[in-house]
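The following pair of complexes shares a single chain, chain A, combined with chain B in the former and chain C in the latter.
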Partner chain A sequence: MSAPEPTHPLAAVVRGRHGATGGEPLRVSFPAREIVQVMMRRGQDSAVAAAMRSAFGIDPPGPGQAATGSGASAIWVQPGQWLLTAPRGTQATLAARAEQAFAGLAAVADQSHGRTTIALSGPAARDALARGCRLDLHPSVFGPSRAAQTPIAQIGCLVHQTDATPCFELTVFSTLAEPFLHWLLEAAAPYGVQVA
Partner chain B sequence: MLRIPCPHCGARDEVEFTYRGDATVARPAPDAGTDAFHDYLYLRRNPRGWQVEWWQHHGGCRAFLKVLRHTVTHEVRGVVTATGALEAPQA
Partner chain C sequence: MTQRHRLAAGGHVDRAHRLGFTFDGRRYEGHAGDTLASALLANGVRLVGRSFKYHRPRGIYSAGVEEPNALVELRSGARREPNTRATVAELFDGLDATSQNHRGSLAFDWMAVSGLLAPWLGAGFYYKTFMWPAAFWERLYEPMIRKAAGLGRAAALPDPDRYEAAHAHCDVLVVGAGAAGLAAARAAGMTGARVMVLEQDFLLGGDLLNDAAHDAWRTGTIAALAAMPGVTIMRRTMAFGFYDQKVLGAVEQVADHLPEPPPHTPRQRSWTIRAKEVVLATGAHERLIAFPGNDRPGIMLAGAARTYARRYGVRAGETAVLFATHDAAYESAFALAEGGTRIAGIIDPRTDSVAMQRAREAGFTVRAGSVVTGTIGGKALRGVEIGALGSGSRGDALPADLLMISGGWNPAVHLASMAGTPLRWDDSLLAFVPGEGAWQRSAGACGGVHGTGAAARDGAEAGRAAAVAAGFVAGADVPLPEAPAADHRPFALWEVKAGGKAFVDLQDDVTANDIRLAHREGFSHIEHAKRYTTHAMGTDQGKVGGLVGAAVLADARREPVASVGLPRYRPYAAPITWGAMAGGEVGQNFQPVRRTALHSEHDALGAVWMDAGLWKRAAYYPRPGDADAWASVKREARAVRERVGVCDVSTLGKIAVEGPDAATFLDRVYANTFSTLPIGRARYGLMLREDGIVFDDGTTTRLGPDRFFVTTTTAQAGPVMQHLEFHLASAWPDLDVSLASVTDQWAAMSVAGPRARAVIAAVVQGLDVANEAFPFMAVADCVVAGVPARLFRISFSGELAYEIAMPAGYAGHVWKAVMEAGAPHGIEPYGVEALGLLRIEKGHVAGSEINGQTTAQDLGLGRMLKKKGDFIGRVLAQRPGLTDPARPRLVGLRSVDPNRQIRAGSHLLVDGQDQGWITSATQSVVDPGWIGLGMLRDGDARIGSEIVAANPLMGEEVPVKVVTPHGYDAENLRVRA
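Presenting the complex of A and B:
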């Protein structure tokens, strides 16, 4: 279960402005998230879809997609597997809700401490990410509510575009969040970056 | 650099994939004997031309995929999921 986290994996990161000065900087923040992995049992496609719809108001998104419902989002990560995310500290924990909703239909694992989400937004966010991300992030191909898992700087990263600013939520293993952020700040330095 | 069109994720770079060998090798029956298992474990065809291979998309959807690749030109002509059927063209 998601106990309050005593120290965020990125608590020690220096806040404030990094890189180039002047102009509108990119914004980096660390939204506190509950993250729950849902792995469907074989042949339960329609039952899992019904459960996700009734518990979270989400139709299970297909490959490369994410969907947002009542207080939670679902991101497709691999066939039959999704990550559910919600802001930390809402009512009952997300893991408990998911466990109840998917009992017998899917394996549910709380990843809230295992993964860390870094939000990157600003007009130059695509250019900064493109310095290490092999995905085509052009708006005609990748847009809001698209998501994809890909290695960035040799670190497995779930890239989820949440709006057209563009804002990208980058979810990585918590133990690699610091080296990943180091890369991100270096990549964003030519544009200037504000860490909140 | 290969670009492999994953049936789930779309075209991705080779670095996201791990090569897992010939996909046409069949495991012998449990009582087939040591020689059959030796061949199954160690002997590979190493063709010059088309080969159906296992590639795992470890950097993306983590699925095992069958890929039809030309071993000389590296052209990738077909990709299916692990349970799909993929035949190498003759010669």
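Presenting the complex of A and C:
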């Protein structure tokens, strides 16, 4: 018996347009991701960097930064810790690849089910996020490849800007993804929002 | 009704745009650009409210946020909003406003008789009179006083509108958009800085709106700001608080000027603004002069009368007297005369001045060296009594329906003071001005710089300096308005002592005599005098008379005003609504709801939900045959005891602990040992707090030499993670250990009951679950129903039990497989209630016993504390108070009469003495009747005895038998079966 497709925490969300009609809406999507938490062991900075480079083509990003390599991205989350993400694929799981790459260098915790990523894009994305996000996301301060963790609507959120549209990938605990999305759709409602 | 007091031309109202509104049920008309106050005045409405205590008739006193009198209710039904100042309520078509604080009609308020009792109603009257009998306070006095003294009525229905919070950041925040604020914004904006301008008014310009000569500069500056991409101007936005590190709070009245908010629009938005630099340009508030009868409808601040004339094109009176102590106020006389008001006289305590001469040249009668000693009229002013300065006697009277007064101007230092800026007394302005620094620059009138030209120059300098401080390079000069200097230096006249009620606080009905009474009775500190008299409280917070009261107190204390000072400024600088404070966090958004991956499975089974922190958990699953909730709970528990049940335990906290020092770390944070735990085994663990009290419990599994999987209780998942991270970061930075919260990664379900093994065997692949191969406390990775899973043989219920943990996305699939495999065995899902029943029956402690007050010994877990090696809580657990053998101990309890309920919270009485309490209670399914757990002094020695469970709240005294908490399967044969 092969494993079934996992159920996405936001599987029940109504797709389509929400909020104000007319005009170009904000876009919300739920990219299918594998996510692992990589936690470096003491004194393994250069070895972890080398391993991340060779296995994923990524130079480990520093504080507040994210970096993308060959088919995977790394987001710095705390000293010596990164979230490694990759589109869900058919080959070996990201967790298995990371376990192998970082064996003896870093602990690896699979969070593919524990974290849920919601992508928000559109010119009004910053204004919508400002309804709950205390971070200054102005282009002069924040931008593509920047990431930060902050509470939004009482829910811990990892905010990662992926492009200058702007597009923000918002990663939250999976069991709080539903109330988080509820907040996001309310915040985006004045601009109209298309859920894909 | 025609707007008979509306001027034919001038100002910032759109006479072509008529707006209908009602006040106390009567229909009126105003124009776009009006406030409710200006529209009422245009229609000749003078009486708009009754005072708080004496119910004296009151009229519109100001033209802004400082209004003490004209508090009204706006709208009706669910949108009814009390205590709104008519002077800041923007008029819209269909506005429905009502006066407040009167019984009977506004014109005939029978509560006004309290005015006749005034001699006995001075400051402190309530404190002195309603002291005793004490029992009368709650039932009689307080409701009576509240009814008599209340202001408006809040809507009793749920608010139909939405409110929201929002965050903003900028380099330079400018509060106020008068001459100083606009110039500051432009100067800062020219540097390329991100600038935000907050203006509480719906029009930008402040006092510029009162002089057509400055309109070109005003509109030009606004246009220039609008063309700067980095500048954001927010109108109808009032900054109410200045907090540490240049964080300001503001409320934007997004839709208050509309009958109801448009779709997807909140009524108000509460902003938290983080600024690099702040320029305050909040202007100044004109102050009153205390003289007898200074509160009648028709008495108005001089600047307000000018604003009504110039900005709104409204004549506030037909025949006016000006009573002023400085030259700038004379502008009001000129402005009103232009609008056709007859100036009956100008009363000035000074002997001579430039403005006096100008006024005389213009043909006005100026009475130098004179003061107003009293007023004539009832619901409207009819005349003004005049006497010589210092004589204390009344001379002649002038007929007037408008008395304009000005005792000087108080810089609006509220925000500066909240920012920690010390206030400094200015001897020429006779007012407090901001001292040096502390997170803000005060520019223009709020910094004591009066006059359009001077204020704009001051603002431009402050805006430029703020931008430079924020890291920008100063830009070119900004154009400034040309304006003659105005002289705002007043003569020091605070009070005219002439007998009669001279108010220092109109809203709270505080008189100069009340202040002196407070002083006589020992409340001489300004903060004490404020609380004793209610001076400077209310929606206006003493903006109009606060300093006058302080001056009266200073006079009584024979000290300068500067040393008496003002009560401390605190947020809110002006009133805001509860809706704005709550923002969007109401109803469903009050707190996030956390759902397990199995939520929809429980839903499909008809679960009754209960809240566990943020979580929704299935309490029980009612079935048609169940007589009541207890029937469902007992049915589920019996299924576990007799056959097999399945329960969602995903909410337990789960932490992956990994690293070369992981075992050492766990030995230190747990009171028992984990370094000896074999790989593939779980162990029950007990964590103490630093102070020796039990913190949390759970099972921890060893998955590898340096890999552990820790579980916590649902309630303590967050605190335990924090506790572990804190100690790793601060106490033992030398330990190489990493922590990952995997609570959400893994969903988990408990399969419990004598037939659990059969069910597990049917769904598990690649693992021998025979008792010998997979004994109690064994753990293994395996495949369950085709998905990767981890199987634990652990039990909370006291039965043979397994926990299956799987990546959360597979939980529904596994649940269905377990239910299907369990069907032949009579499996039933059980909820948190049955789980509680089972653990009480078994004698396992949970949150009710691990309540932050109990030690391991108290809970009968003393033997778990390791003898060798240190651990958190070891030392302080040895304190005499915690090792006292007389401390209450965990016991089991059983109601002697099986039908008599016992309740958690009941006290345990031994010979009438309170010796403990019941922590948890339920009904047993093994031996029917009410059972419980409790904490009882000498608990071990009292096993077998009969005591009383008393619950005074329910009026119950239930005989209970003390039993061992571990009465069910004491040898643990069932869990090992």
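The definition used in the following text is that the second predicted complex is superposed on the first by the 189 of 196 C-alpha atoms of A that agree within 3 Å, B and C clash if a C-alpha of one lies under 4 Å from a C-alpha of the other, contacts with A are read in each partner's own complex, and residues count from 1 in each chain.
Here is the rule we go by: a contact is a pair of C-beta atoms (placed from the backbone, for glycine too) under 8 Å apart; a residue touches a chain by one contact, two chains touch by 3 or more.
Computed from a predicted model, the values in this text were never measured in an experiment.
A.B. asks: First (chain B), second (chain C), both or neither: which does A:W183 touch?
C.D. replies: Once the two structures are laid over each other on A, A:W183 reaches chain C alone.
A.B. asks: Touch test for A:R134: chain B only (first), chain C only (second), both, or neither?
C.D. replies: The answer is both, since A:R134 touches chain B and chain C.
A.B. asks: Figure out whether A:P9 sits in contact with chain B (first) or chain C (second), or with both, or with neither.
C.D. replies: It touches chain C, and chain B stays clear.
A.B. asks: For A:G19, select first, second, both or neither according to whether it touches chain B, chain C, the two together, or no partner.
C.D. replies: second
A.B. asks: Spot which of chain B and chain C makes contact with more residues of chain A, would you?
C.D. replies: Residues of chain A touched, chain B against chain C: more for C.
A.B. asks: Figure out whether A:Q149 sits in contact with chain B (first) or chain C (second), or with both, or with neither.
C.D. replies: After superposing on A, A:Q149 lies in contact with chain B but is clear of chain C.
A.B. asks: Which holds for A:P63: it touches chain B only (first), chain C only (second), both, or neither?
C.D. replies: In the superposition, A:P63 touches chain B alone.
A.B. asks: After the superposition on A, what does A:V77 contact: first (chain B), second (chain C), both or neither?
C.D. replies: First partner only.
A.B. asks: Pick one for A:A96: touches chain B only (first), chain C only (second), both, or neither.
C.D. replies: After superposing on A, A:A96 lies clear of both chain B and chain C.
A.B. asks: Can A:T175 be said to touch chain B (first), chain C (second), both, or neither?
C.D. replies: It touches chain C, and chain B stays clear.
A.B. asks: Where on chain A do the contacts from chain B and from chain C line up?
C.D. replies: 134
A.B. asks: Would you pull the chain A residues touching chain B in the complex into a rising list?
C.D. replies: 63-64, 77-79, 134, 148-151, 156
A.B. asks: What part of chain C is in contact with chain A in the complex they form?
C.D. replies: These residues of chain C touch chain A: 164-169, 194, 263-265, 272, 274, 584-585, 588-589, 591-597, 600, 614-615, 650, 656, 658-660, 707, 736, 738-747, 765, 785-788, 807-813.
A.B. asks: Going by the contact rule at the top, pick out the chain A residues touching chain C in the complex.
C.D. replies: 1-4, 6-9, 12, 19-20, 37, 39-42, 81, 106-107, 109-115, 130-134, 136, 138, 140-141, 153-155, 173-176, 178-180, 182-183, 186-187, 189-190
A.B. asks: Per the contact definition, I'd like the list of chain B residues that touch chain A in the complex.
C.D. replies: The contact residues of chain B facing chain A are 8-10, 12-13, 15-16, 59-63, 81.
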